[in-house]
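In structure tokens below, several structures.
Here subunit A shows up in two complexes: once beside subunit B, once beside subunit C.
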Partner chain A sequence: MAPTRREFIKIAGFSAVGLILPSLPLLSQAQAGTPAAGSVSPAAPGVLPALKAKRWAMTVEPRKCRPDCTDCITACHLEHNVPDFGNPKDDVHWISLERVEHIFPAEAHPRLPESITKLPVPVLCNHCENPPCVRVCPTQATFKRADGIVMMDYHRCIGCRFCMAACPYGSRSMNYRDPRPFIRKINPAFPTRTKGVVEKCNFCEERLARGILPACVIACKDKALAFGDLEDPRSDVRLILDKGLSLRRRPELGTGPQVYYIL
Partner chain B sequence: MLEKALKGSRGYGIWVAFLLLLVAIGFFFYLRQLDYGLGITGMSRNVSWGLYIAQFTFLVGIAASAVMLVLPYYLHDFKAFGKITILGEFLAVSAVVMCITFIFVDLGQPGRVMNVLLYPSPTSVLFWDMVVLNGYLLLNIVTGWTVLGCEKKGIPPPAWVKPLIILSIPWAISIHTVTAFIYSGLPGRSFWLTAIMAPRFLASAFASGPALLILFCLILKRFARFDAGEKAIQTLAKIVAYALATSIFFVLVELFTVFYSQIPGHMHHLTYLFAGLDGHDAIARWMAVSALTALAALVLLIIPRMRKNESLLALACICVFLSLWIEKGLGLVVTGFVPSPVETITDYTPTGPEVAITIGVWALGLLMITLLYKIFISVRKG
Partner chain C sequence: MKLYNGGKIIAGIVVFLIVATFPFWYGRGKAVSPPDLKLDTPAIQRLKEKRCVETAPFMRSNHMKLLGAWREGAVREGIRSYTAADGQVFQVSLTGTCLECHSNKKQFCDRCHDYSGAKPACWSCHIIPEEVR
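Right, the complex of A and B next:
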């Protein structure tokens, strides 16, 4: 996949700053406009330092979304070799678009304006602070990293689907069939899955490790998605959250979702 | 003692061959499932557990119900159950084997099943269910087999068996409690998120299990000339009556809380289960059968004159079994997923291969019961 404009600028920025100020990694980060990180380990030439955070989080501003736009989904599914079975039964997805009334039933009422009710809202794994899926997994195939990313070990998963029952957000998909024949174009940089394992959004941890922001965030031309360290007051997500009221899906369940919606 | 299962009448041979055929058909379709994936079943992204896990849940109850014989006999010295306690234990053994097989056929990656032991996860209820189910299986094999072996030799059972039998009583409660916790501890599924789940499971188990046992006793009486005794069967029938009444009561309690509080997220599921949502009423039709058979059985079991009539008792037991099988073996699991977390209503219809595999596992269990009961009868007849 060719780098998008934003990615290109970022890489260029890193390279330039890296050449001029190799001894000031923090400054180089700020210049590139990446979410602030604690420490950046010296990277090999040509490779960006990994992006690190105390607590990764995402903000979604669906009102910025263009009608009928699915760029975030396309980018995510291409990046992660997500199959397209073309039927709801076998469906596997990491991001989908849902209606406000379905994901915020507590906030929905008949007098909401159409600009809200007709709005497609991107939903994905919430990378919960207290994830029920991790609690119920009988093999620890799904686990939470120190930086908050809830991950899957596709080689350990036994396909019992307890995590799918436990997830209050419907964020998880099962490979009911061999996904490989249904992947439009295989991205060799990311593993494909076998049949019989569960998968979900991984906050693009493989990109973060290469110093690149998540695919959906980069793909969104309307800047409806932002990503960063929740513990860093200067991060993109914190700047957005500071502006006003934000919602999380079903916060009353105590899962501590880390995807914030600004409506 | 095993050799006693090999010799039998022509009818016995035909029955065993029939069950073997069903197991073979199930196995054939399981091989196809292994090849194709779980997509061969009716399960989907939204309804991710179906017939297999529901059968497992129902059969844990059948397994736990052995305690309804063991407890009166060993703790209260209720002699009438002495003749059939081993039947209860063997039923438990076969039911647990079915449970474990149903979990196994439900796995997307069955080759990795040992990961549960390699990476023990004490926070997972499924891990604990594995522990209690295997423990219960072992307890019942050891106690049932040892007691029967001693009967054959005409000696009293060794002293070490008694503590194991006593241990199996709370253990039976634990298997169904832990199985209920699989469901009732999930924050996002309001249909299952109820503290009464474990008591409800136990009540329905103590109705469906003894009902099945009564049917087995009546079959043995007719075809194997083994009489469990009027007193034992009638006592079991009373246990079924009380447990069924309790089970129905628990369901009504659940309905009251949900429909009087009128919290929409809670009402949706039960509405789907009993009346259907937006025209999706396949499950609701089954539940109507479940409700009617439960009430019919309750009437037949409560009125002493009817309960004492063997044919009506058999009918009542069939009704109890059918009713609770629909409730737990169909409705309970699927309804937890409908509507989905994003409020989608997805119908679940088991596929042909899925049904064949399910029947295959049931046949495997029935085969085990047949062989174990045959051994039991042969030993009893000397």
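Right, the complex of A and C next:
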């Protein structure tokens, strides 16, 4: 005899409960999983205390730069395993040199002295107050930390390059090929990137955590670069900014760049 | 009920069943022995207490979750130290902490990952110290 409608629904209901019951203890185990084994604390062992700030910022004084000096670029790119593909189309850079007319198009005019127009100016990620790259990133691989550093989580980057389109400063570079073979000397303390990942300056976040200033700032023998907390009136950047007029790149865009240029 | 082309259909089903179950009866009784992991690196031999960040059974079943938590914490929250259940503090670093002891990645990580068919993408970016030029 075929079961009645009522009997069939009863059987179906009991079967459904029977299917769910065995997995319940597993669920509670999974929730009590990894983090229960230990806890994490912010201070790293056996190193300098981490440098902390309310708002990290950098000042650049290109007039102090020696001619043809690329110490900041070399130091940064060695530190962070930045590849050199040897071709401007695929160029990957965290910090580079640019002409004034390119980075300050509104301020440039034909009567600028040669000492300004010929001046190579170090440019890097501006770690914007209101970063357009963070807004467009579909995976939140780029995010802004509480201390103002605009950081990349390379694990999450899917290589869509929205951030490259959004960044008005060209601070981001794409790895169109596997960068490993193009790194002159690998620094084992910092990971490389992989093919299909965008990269950019991170204000040496990994060095700050170890209590060391950014590589470019340390490498600059002419003290053209300064780094510090914008909220601290006695920080290096504030002392420099207090002296006079400083420029930011394309402030009219509303990105709130945090790299200040003194020309 | 009449089965048209019965011979071909039944032969086809038999062939399909043989092919589909081939891995099961071919591998019967031939158990692949679990990998033999080497734990005798110099750094491990120097340890007084032979213990990983957490206990060995915990690490065996949870190292991927632990590494995932380390990754999220270090990159996104800036948490760079880990206090183990027994109170020991470790630096959160794959190349620095894990591979410091397990410097024999080929005899340790790879053997088990190959055995279980796991293909972690860690090493496309993170550096294996023994392989650095």
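Just so it is clear, the second predicted complex is superposed on the first by the 217 of 263 C-alpha atoms of A that agree within 3 Å, B and C clash if a C-alpha of one lies under 4 Å from a C-alpha of the other, contacts with A are read in each partner's own complex, and residues count from 1 in each chain.
In this section, a contact is a pair of C-beta atoms (placed from the backbone, for glycine too) under 8 Å apart; a residue touches a chain by one contact, two chains touch by 3 or more.
These numbers come from a predicted model, not from an experiment.
K.L.:
Is A:173 contacted by the first partner subunit B, the second partner subunit C, both or neither?
P.N.:
First partner only, subunit B.
K.L.:
Looking at the overlay, what does A:145 touch: subunit B (first), subunit C (second), both, or neither?
P.N.:
In the superposition, A:145 touches subunit C alone.
K.L.:
So, does A:56 touch the first partner subunit B, the second partner subunit C, both, or neither?
P.N.:
After superposing on A, A:56 lies clear of both subunit B and subunit C.
K.L.:
One more residue to check, A:186. First (subunit B), second (subunit C), both or neither?
P.N.:
It touches subunit C, and subunit B stays clear.
K.L.:
Where does A:98 make contact in the superposed view: on subunit B (first), on subunit C (second), on both, or on neither?
P.N.:
Once the two structures are laid over each other on A, A:98 reaches subunit B alone.
K.L.:
A:194 contacts which: subunit B (first), subunit C (second), both, neither?
P.N.:
both
K.L.:
Between subunit B and subunit C, which makes contact with more of the residues in subunit A?
P.N.:
Larger number of subunit A residues touched: B.
K.L.:
Is there a shared patch on subunit A that both subunit B and subunit C touch, and which residues make it up?
P.N.:
On subunit A, the residues that contact subunit B in one structure and subunit C in the other are 194.
K.L.:
Give every residue of subunit C touching subunit A within the complex, in rising order.
P.N.:
Where subunit C meets subunit A, its residues are 53-54, 58, 62, 65-66, 68-69, 71, 73, 75-76, 78-85, 89-92, 95-96, 121, 124-127, 129, 132-133.
K.L.:
For subunit B, which residues are in contact with subunit A within the complex?
P.N.:
Spelled out, the residues of subunit B in touch with subunit A are 36-39, 41, 43-46, 48-49, 103, 106-110, 112-113, 115-116, 118-119, 121, 123-127, 130, 182-183, 185-189, 264-265, 336-337, 340-344, 346.
K.L.:
Can you tell me which positions in subunit A touch subunit B when the two form their complex?
P.N.:
88-92, 98, 101-103, 105, 123, 132, 134-141, 156-162, 164-170, 173-178, 194-198, 250, 253-255
K.L.:
Over in the complex, which subunit A residues touch subunit C? Could you list them?
P.N.:
Result: residues 33-35, 37-46, 50, 143, 145, 151, 153-155, 185-186, 188-189, 191-194, 205, 209 of subunit A touch subunit C.
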